Structure formats: structure tokens, C-alpha cells
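In the two assemblies presented below, subunit A is common to both, partnered first by subunit B and then by subunit C.
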Partner chain A sequence: MILRRLLSLYGLLFFVFVYAPILLVVIYSFNANTLNMMIWDGFTLDWYRQLFGMETSLTQSATFVDSTDQLWGAVRTSLIVALSTSVFSTVCGTALALAVARYRFRLARFYRTLMMVPMIMPDIVLGIALLIFFITIGMNLSMLTIIIGQSTFLISYVFVTVSARLAEVDTSVEEASADLGATPAQTFRKVTLPGIAPGILGGWLLAFIISMDDLVITYFIAGTGNTTLPIHIWGLLRRGIKPEINAIATLMLLFTLVIAAAGLYFRSRRQK
Partner chain B sequence: MSLARRKLLQLVGLLGVPTVFLLIFFFGPLLIMLVYSFLTPGLYGGVDWIFSHLNYGRILGWADTRYEKFDPVYIAIFLRSLKLAALTVLASLAVCYPAAFWISRMRPGMRDFAIFLVTLPFFVSLIVRLFAWVLILRPTGFLNQGLMGLGLTGGPIEFLYTDFAVILGMTYVFIPFMFLPLYGSIEKLDMAQIEASSDLGATRFQTFRKVILPATLPGIVGGSIITFIPALGNFIVPSVLGGAKVLMIGNLIEQQFLSARNWPFGSALAMLVMSAVLVLLIAQFRLAKKEAQS
Partner chain C sequence: MTPFDTYPAGLLPAGSQDRTPMPSPLEIIDARKSFRTPEGGTMTALDGISLKLASAEFVTLLGPSGCGKTTLLRTISGFETLDAGEVLIDGSAVTQMPAHRRPVNTVFQRYALFGHMSVARNVGYALEIAGRDKREIRTRVGEMLELVGLAGMEKRSIQQLSGGQQQRVALARALAAKPKLLLLDEPLSALDKNLRQKMQQELKALQRELGIGFIFVTHDQEEALTMSDRIAVLAHGQIQQIGAPTELYQTPANLFTADFLGESNLLPVTVTSGRGCLPDGQSFATPHAPGEATLLLRPEALSVTPPDGHALSFTGTIRETYYTGTDHQIALETPAHGTMHALLRSGGALPCLGSEITLYAPAQGLHLIDEAAP
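The block that comes next holds the complex of A and B.
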């Protein structure tokens, strides 16, 4: 009995450990104290107003110079990269998953193992390998190199997500569709695709979130002038710790939570 | 067109683009990195296409000519990274094992929600989660404020920029990596076996050691490996929470590429990390095979 109580206490502490740091960032993003961000000094929205370029009562020294324009530039870059990468990875990952699950060929098992490699590759190794590669073949570092670089490992994430879904879908329905005279294209569009759509959507969302958050690989292959959001924040952290970061972090948190909730919503709809 | 031929065409259509893409942009770079690790660094950045094994010698001890000096500091940094990654694995196990056990005993609805709550932070930006720990650990941070408020310490303790901060940070960001494999094997525990063990007079500790631990070993090994790999090559956590004092192999590699501009040496260091990962994976593969046979 005592052991069980202790275990529950430990479990609750575990969740405090997981969520308290994140919660602190959110709470202190509303702190009005401009001198010492650790001491609560009343509620304010100034840090958010500052990010959106609105009038604030903040002094020059309380904020980072020029950071707002850079921030929105970084957000734009991140969104373009994440959208392109996630769409490309989803198409490639889904195609591979379909081939491995629905066709019999000798290399199928080989592909399954192979697709694990990019996921376990330490990101710094892949990052520098891509950097060397792009420089050696004379490709200028740009948004395109970021998109290519991130896709190399995100394809695997989509592959795994879609494969899991394909394994659940009953193949007899596809066979029935073919027996009833549907062309392969019709069967694919009307039977297979709707069946695995939740998996494709899930893989796409996962790829999108991971792409938005990727720091290490992007850091090496972004070159100058293509700052993504995580790299921008990393740069801010190196310039100093200012309350502005709390507000940016909270907005990012909100954004990922909305996407995660959307993903969950689609998953629960699939189960009905 | 025959059916077999059409199937083949479909297969090529599905596999073609992704396969070519990965061959060029995933395996190509790794291959070039391997080649680079055997080249000579140029005087002003760049490389000279002359074969050299001294990049490895500089790390492992056989180079002492020209500027390619052997320095035991590199192997020391590598060993230090192995140590920090191993400690991170141990800390993660200590944090996640009891929690996974607790959650596995919940009602099904609660259980799913609890697992969702554990995985959710994985989707929160890494840099945001690390920033949170900067706020907590810095001299004027919450931890020091709390400790001083309780009168436990007179002045602020330097938590930030220490090994402790790096291990704590890595443990925190890799929680889902350790938790999910652990949970997977704990969930499958046979409660009847545990009850039988205590009915037969085993103490709680004996039951844990002889029944629970062996049954959950696959989860422990799996979680440890996928936590260890990203921890070993990490350079974000040590550079945010470790400052300049805690140098890991990841920071060293980054320096070779972005400030020292010695790409061949950096590639050799990266190959070192990769071989460590490979050894681990082969060991796990062998273990899993043995288990499947018995």
C-alpha cells in the first residue's frame, strides 16, 4: 500500500518535471518586470505587442535590437521550408510504403531495414555530411538545400507512419474491388487511398512539426540569409536572455499544440 | 501489356524517385564524408585531394608530424561524451521506469491520456524546452530563488554550464525516447506471474529482480539505445546549458566545420561517432536475435 502511494507520488512528480519548465515560460511571458524577468511584477501583454510591432511601454534596452523583423522573416522561411519538405517527404514516404506493403519483390525487406537508417543517424553526422556534399558538388546553400537535407530523414518518418496504417487496412477489400472490375487506378483512388488517408495525414503533420523544429541539420546547411525560426531563437539565446524569448516560445507552443490537437482529432475520427 | 509487366512498371514508378533521391542525397553525403576523412586539410579552409590517415592518427595516437599533432584531448572528449550519454541514459531510466509502471496500472482511458501527455512535449520546440531550463538553472533562476528562499544556501549556486545541467537537459528532452519503449514492455507484464512470485514468498525486491526486471529488459535496452545515440552526438544541449566548459564530441565536430575549418578532421571525428553508433546497433541486433532463438 505504502509502495503504491509512493509510486503515485513519483508519477505526479514526473508530470511536474515534464510540464513545470514549459509552464514557467508561458507564465513569465506575461511578466511586466523589465529589469529582472525572474521576479513577478504584474501582468502585461507588452512582450506580445512588441512582437507584433504594436505600441509598448518597453524601453529600448529591454528588447533585442531589430529582432522583430528578423523574427517574422525567420517564421516565413520556416513555414516555406516546412511546407515544401513535408509535402515532398509525404509523397516519397507514402510511395515507398505502398511499394513495400502491396508488391512482392526481393528488396522489400531490405527497404524496410534501410528506411530505419536515416532515423537513427546522429543528426550532427548527417548535417555535416550534407554540408560537405553540397559544397563539393558546388550547390549554393539556400532554402532548397534545407528542403533537400530535411527530406532525407523525414521520408523515413512518413514511411513508418504510413506503413503502420497500411498494415491495419484489410487487403481483401482491395481484392474485392479488383474482382468487381475496377481498374487498378480506380481501386487505388476509391479504396486504398481513403483507407490510408489518416496515416498519410499523420505522417505529413509529423514531418511538418519536425521540420519546423529542426535545428541541427538546418544549422549546417542553411548558409547565411536563410534563418529558420529555431536558428533565430538560438541566435537570440546567444545574445542574451530577455523576456521577449518567453513570448516567442509561448506562441510557438500554441502553434504546435494546435497542430498536435488537429492530428489527434483526425486520429479519433478515424477510429469511429 | 502483360499483368506482370504492368506491376513492374507500377513498382518502379513508386520506388524510383524516392530511391534515387535517397541514394544521391542521403548515401552520397555519407560516402563523401568518409572520403573527406581520408583527405588532407588545405591551408586556407578547403581540402587537398591527397590521401591521409593522419586525421584518424590525430585522434587515436599515431600522428606527430607537421601540424597534424596527436593530442590525447580528442579521445578524452570522446570518452567524456560517452560518459555523459551513459549518465543521461541512467537518469532517464530512473525518471521513466517508475512513471511508466505507474501509468501502466491506470484505467484504460486515463492511461491513454497519460501517454499522450508524456509524448506531447516531443512536439514542443527543442530550443524552447532548453530555454525553460536556462530560466530555472541560472544564478537568478527559479531553482536558486527557491533554495535561497528556504534558507538552504546563502548565495546562488552555479547550476548552469555544468555537467549536471547537460545531463539534466538531455534527460528532459529525451523523455519520450526512453518512456515509450519502456512502457511497451512494462504494459505486457504478466500480473499473474508477479502475484505468483509474492505468493511463493519472494520479497518485493526479489520479485522485481527475478520477475519484473528480466521481463522488461527488452524495453530497457531499446529505450537506452535510442536515448544514448542522440545524446552521444548532441551539441545543442551542451552549447545551451553547458556553456564553454562542457565540451562534447558534437561541439568539437561543429568547431571543426564552422570555426577551425578543418573538414577532414571533423569528418574523421564524425566517423568516430558513427562507428560507436554502429557497434551499439550491431550489439542490439545480435542480442535480439539470440532472444528470438531462445
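The block that comes next holds the complex of A and C.
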């Protein structure tokens, strides 16, 4: 009985430990205290107003920048990068997963393992490697290099997600389709693809979120003039923590939750 | 209506179907196939199999797992290609034809239904692929569902169906495109016993009604005996024997068939000049060629009352008895022949465990297998 109580308490503490800091960020983002955000000074939406360039009662010294153009530029860059990378990675990762799962060829298991490596590779190593690679082949750092660089490891995430789904899809369903007269292309479109669609969607959303969030690797290969949101925030932080950052973090959190919820929703609908 | 009236061809022994002008729904000529095992060796799955169907036959491929029956089925459906040999469907060679172009359909072991589609779309899949118009598909789907006893279930999702219903959908789906030949890969193995027996009868009735050939794969000998016009017993990639169930049961050609199909007592016999001699000295008249052979005695051939005329007798101690309602199964330990199995009609005196009894078998019309006993 006591053991059970202790276990419950441990569980509670665990979740407090994990979620309290995040919750604090959300709470601080509504704190009206401009000088010390640790002290609650009343509710305000000013930090959000400031981000969206609306009239606020804030003084210049309380915020990072007078214009939020840079911030929204970074958001735009991040969205373009995340969208391109996630779509590219999803197509490549899905194709790879299909090949490894459905065709028998030499070294198939070796390739499967090889696909896992980018996920456990230290980000810094990957970042440096990519930077050296791009410089060696004489490619100027741009949004394109970010997209290529992020894809190298995001393909792995999609590969793993889709592979897991493929393992669940019975190959006899594909045989049944062929047996009923469907060409390989028809079978893929009508049977295989709907079967692994939740995995593909999941992989795509995962790739999108990770891309939006990636700092270390992107930092190495972004060059100047291609500031993604995480790099922009990193830049802001170097000038001290201001309450504005809480609002940005809260919005990012909300965005991620919405995407994750959408993923779960589609997944549950498919599995019904 | 008996099958004899409608489909006499189905019951004719192989070779006599030459009289029918129709091409055979399926002919397999000297099929050979081997696989490479993960250990680096080769495994021969099909070792020269030839098989020809008279039209509208229900043929069962029966054998233990690994005997090649599933491989044979998959070479017919086109999922495996032969190393050598020919497959002809409806008179034309399909050996090199990919699965999706062959005019046969399969009922898969675990049904392999499309989980993301409704019952109607599952059943109409082949027609949808063939590009038939919507109204035709809807009519045909309705007919098919009616045929398998699922009328009005078009809109259900697969997950809402029970195992038996899924089985029926799989059957309707395979029949919707009017295949020349229906292949069934152990379709009843996932059903419980009562449902399985019901489906056995329904499948047999369906085959008669449709008048198309069924190739049914199973490892269940009872199922094979119940349903088939002919059974092909497979082992080690070869057909051990093919024939009508009664033929296989009563006059098996070899020890494997005798042992695999039903219970059997196999006694060593030495034949010399028209007489078979058992190890304990009893003998009987037989037309069998001189040499070592094996006498097959089915458990139900033994009885407690001596038959008229010359009879073989076996005396021993009852070691086990099982009461099944209609019969007593007993295991008799005899000094000369080891353990023998007998099936005695219930109603007579109950055989008592440990008691000594004598069982008799008529000494006429005994079947000898041309192989020395194991």
C-alpha cells in the first residue's frame, strides 16, 4: 500500500519534472512584468501583440527588436525549409522502406541498418560533415543546402516510421490484389498505399516537426541570410532572455501540438 | 440431386476424361521447383508433379506441412515460377504469365481482405480493376453476397465481420470475376470446428452449383475425405497417390498414404505362391506378387464377433479405450504385432481395460501394400 503511494508520488514528480518548465514558459508568456518575468505582475497579451506587430504598452527597452520583420522572415524560411524537406524525405524514405521490405536483394539487412545510422549520428558531426561536403563540392550555403542537409537524416525518420507500418501490412493482401487481376501499379495505388498511408503521414509530420525544430545541423549549413526560426531564437537569446521569447516558444509549442494532434487523429481514423 | 447425376466427369478416374471435348481447367506437367534455404542448401518443393483435372472437379492437395502443396498452389496462381515444367489453365499455357493475368482466383488462408474497403468494394475489386461499369459491379456484388449468404451486407466494414463472415467475403471476392478455377489455400483452418464442418458442406455444394474446378489445399485428412472428388496426397514434393477418397482410404498405394489418411494397422506380410503369411503364422489367400509386403487393416475392419468363413484373429490385452459415443476406440497390445487399433461399435459388451480379448478380421479382400512394413 505504501509502495503504491510512493509509486504514484514518483509518477507525479516525474511529470512535474518534465512538464513544469514548459508550463512555466506558457505562464510567463502572459506575465505583465517587463523587468523580471519570474515575478507575476498581472495578465497581459502584450508579448503576443508585440510579436504580431500590434500596438502595445511596452517600452522599447523591454523588447528585443523594434520590428518583428526578422522574426516573421525566419518563420517563413523555416516553413519553406520544413515543407520542402519533409515532402522530399517522405517520398525518398517511403520508397526506400518499400524496397527494403518488399524486394529480396543482397545486403538488404545491411541497408536497413545503414538507414538507422543518421538518427544516432551526433548532430554536430553531421553538421560539420555536411558543411565540409558542401564547401568541397563548391556549393554556396543557401536554403537549398539546408534542405539537402536536413533531408539526409529526416529520410531515416520517415524510413523507420513507414517500415514499422509496412511490417504490419500483410503481404498476402498485395497478393490477393494481384490475384484479382490488378497490375503491380494498381496494387500499389489501391492496396499498398492506403495500407501504409498512416505511416507515411506520420513520417511526414515527424519530419516536418523535426525540421522546424532543428538548430544544430542547420546552424552549420545555413550560411548568412537564411535564418530559420530556431537560429533566429538562438540569436535573440544571446542578447539576454526577454519575455517575448516565452510568447514565441508558446506559439511554437501550440503549432507542434496541433500538427501532432492532426497526425494522431488521421491515424486513429485509418485504423478504425 | 447427387453429384453422380450432374458431374459424372468429376468422379471418373484420371485418364478417362479424354472423352470430354472441353479443355481441362488445369493441367500441370512435370512441375519442378526448388528453393535455396537460408543455410545455403537447396530444398526441393516440387519434384516432378503432374496433375490433370477433369472439368469441374473438386481436387484436394493433401499433405503434411512442407510437402509442397502450398508451393504447387502458388505456381498455379502465379506467385511462384517453376524451374521446369508447364502449367496449363483451360488449355493454354500460363507458365510464364504473371499472377494478375491468370484466369484463376484464390481464397487465401487468412482471407487477405482489404481492410480499408467495404464488403462491397472487396467483392467487386476484380470487376473494378477490369473496368466494368458501376451498375454491373453492384449487381454482381449483390449476387455474390447472396450466394455466400451475406445478402445486404454491402456497406459493412471488414472489421465488423466475424471470422466466418470474413471467410465468406473472401470466397465471394474470389468468385466474383467468374474464374475458370478456384484455388483455396487452407481456407477453413482458422475457423472453429462447427463452423468448419458447416463451411465444408457449403463449399462442396457451391462447387457443384458453379460447376468450376476447385483446388483445395489442406493438411486435414478428414476435411479432404469429406469434400473431395479426388485427393492428391503429397509428400517430399511428389504426388504419392491420386484418386477418389474411397480409393485412397481403402486401397492406398503406399505406406505414406495408408498412414497419413486415417488410422491404420500395418502388419508385415511375406507372400509366397498366392498366400500371405503374418509373423505369427496366420495366412490368407492373396493375388499379390511374391515378396515382402504390408497388410493394411483399418481399425473398423476389426470386430469382436468372428465373421463367416476364414478369418484372421488377433488376441491381446486392452491397453487403452476411448468412448466416442458411436464407437469405442481401443488399443490392443498383441504379442505378435505390437499395438493394434480397433474401432468397435458401441452397444455390445463394454471392453474392459486390462482384459484380454480376441478381434477378428475377414481374410478375404485384404489390401496389401507393395512395400515392406516399417
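As a convention for this text, the second predicted complex is superposed on the first by the 270 of 272 C-alpha atoms of A that agree within 3 Å, B and C clash if a C-alpha of one lies under 4 Å from a C-alpha of the other, contacts with A are read in each partner's own complex, and residues count from 1 in each chain.
Definition applied: a residue touches a chain if its C-beta (ideal position, glycine included) is under 8 Å from a C-beta of that chain, and two chains touch if they have at least 3 such contacts.
All values reported here derive from a predicted model rather than from experimental measurement.
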For A:L98, is the partner it touches subunit B (first), subunit C (second), both, or none of the two (neither)? first
Of subunit B and subunit C, the partner touching more residues of subunit A is B
Which of subunit B and subunit C A:L24 touches, first, second, both or neither
first
**Item:** Which superposed partner A:D69 touches (first subunit B, second subunit C, both, neither)
**Value:** neither
Is A:M252 in contact with subunit B, with subunit C, with both, or with neither (first, second, both, neither)? first
Task: Using the superposition on chain A described above, determine whether A:I233 touches subunit B (first), subunit C (second), both, or neither.
output: first
Open item on the list: Is A:T183 touching anything from subunit B or subunit C once the two structures are fitted on A? First, second, both or neither.
Closed with: second
| message | Going by the contact rule set out at the top, does A:F133 touch subunit B (first), subunit C (second), both, or neither? | response | first
Footprint intersection on subunit A (subunit B / subunit C) at 184
Subunit C residues touching subunit A in their complex are 77-79, 98-101, 104-106, 108-110, 112-116, 125-126, 129-130, 157, 159, 173-174, 177
Within the complex, subunit B is touched by subunit A residues 3, 7-8, 10-11, 14-15, 17-19, 21-22, 24-25, 28, 36-38, 92-93, 95-96, 98-99, 103, 105, 111, 117-118, 120-126, 128-133, 136, 148-149, 151-153, 155, 184, 209, 212-213, 215-216, 220, 229-230, 233-234, 237, 241, 245, 249, 252-253, 256-257, 259-260, 264
In the complex, subunit A touches subunit C at residues 170, 172-173, 175-184, 186-187, 190-191, 194-195, 270, 272
In the complex, subunit B touches subunit A at residues 6-7, 10-11, 13-15, 17-19, 21-22, 25-26, 28-30, 32-33, 36, 95-96, 98-99, 101-103, 116-118, 120-121, 123-129, 131-136, 138, 140-142, 145, 172, 175, 204, 226, 229-230, 232-236, 240, 250, 253-254, 257, 263, 266-267, 270, 273-274, 277, 281
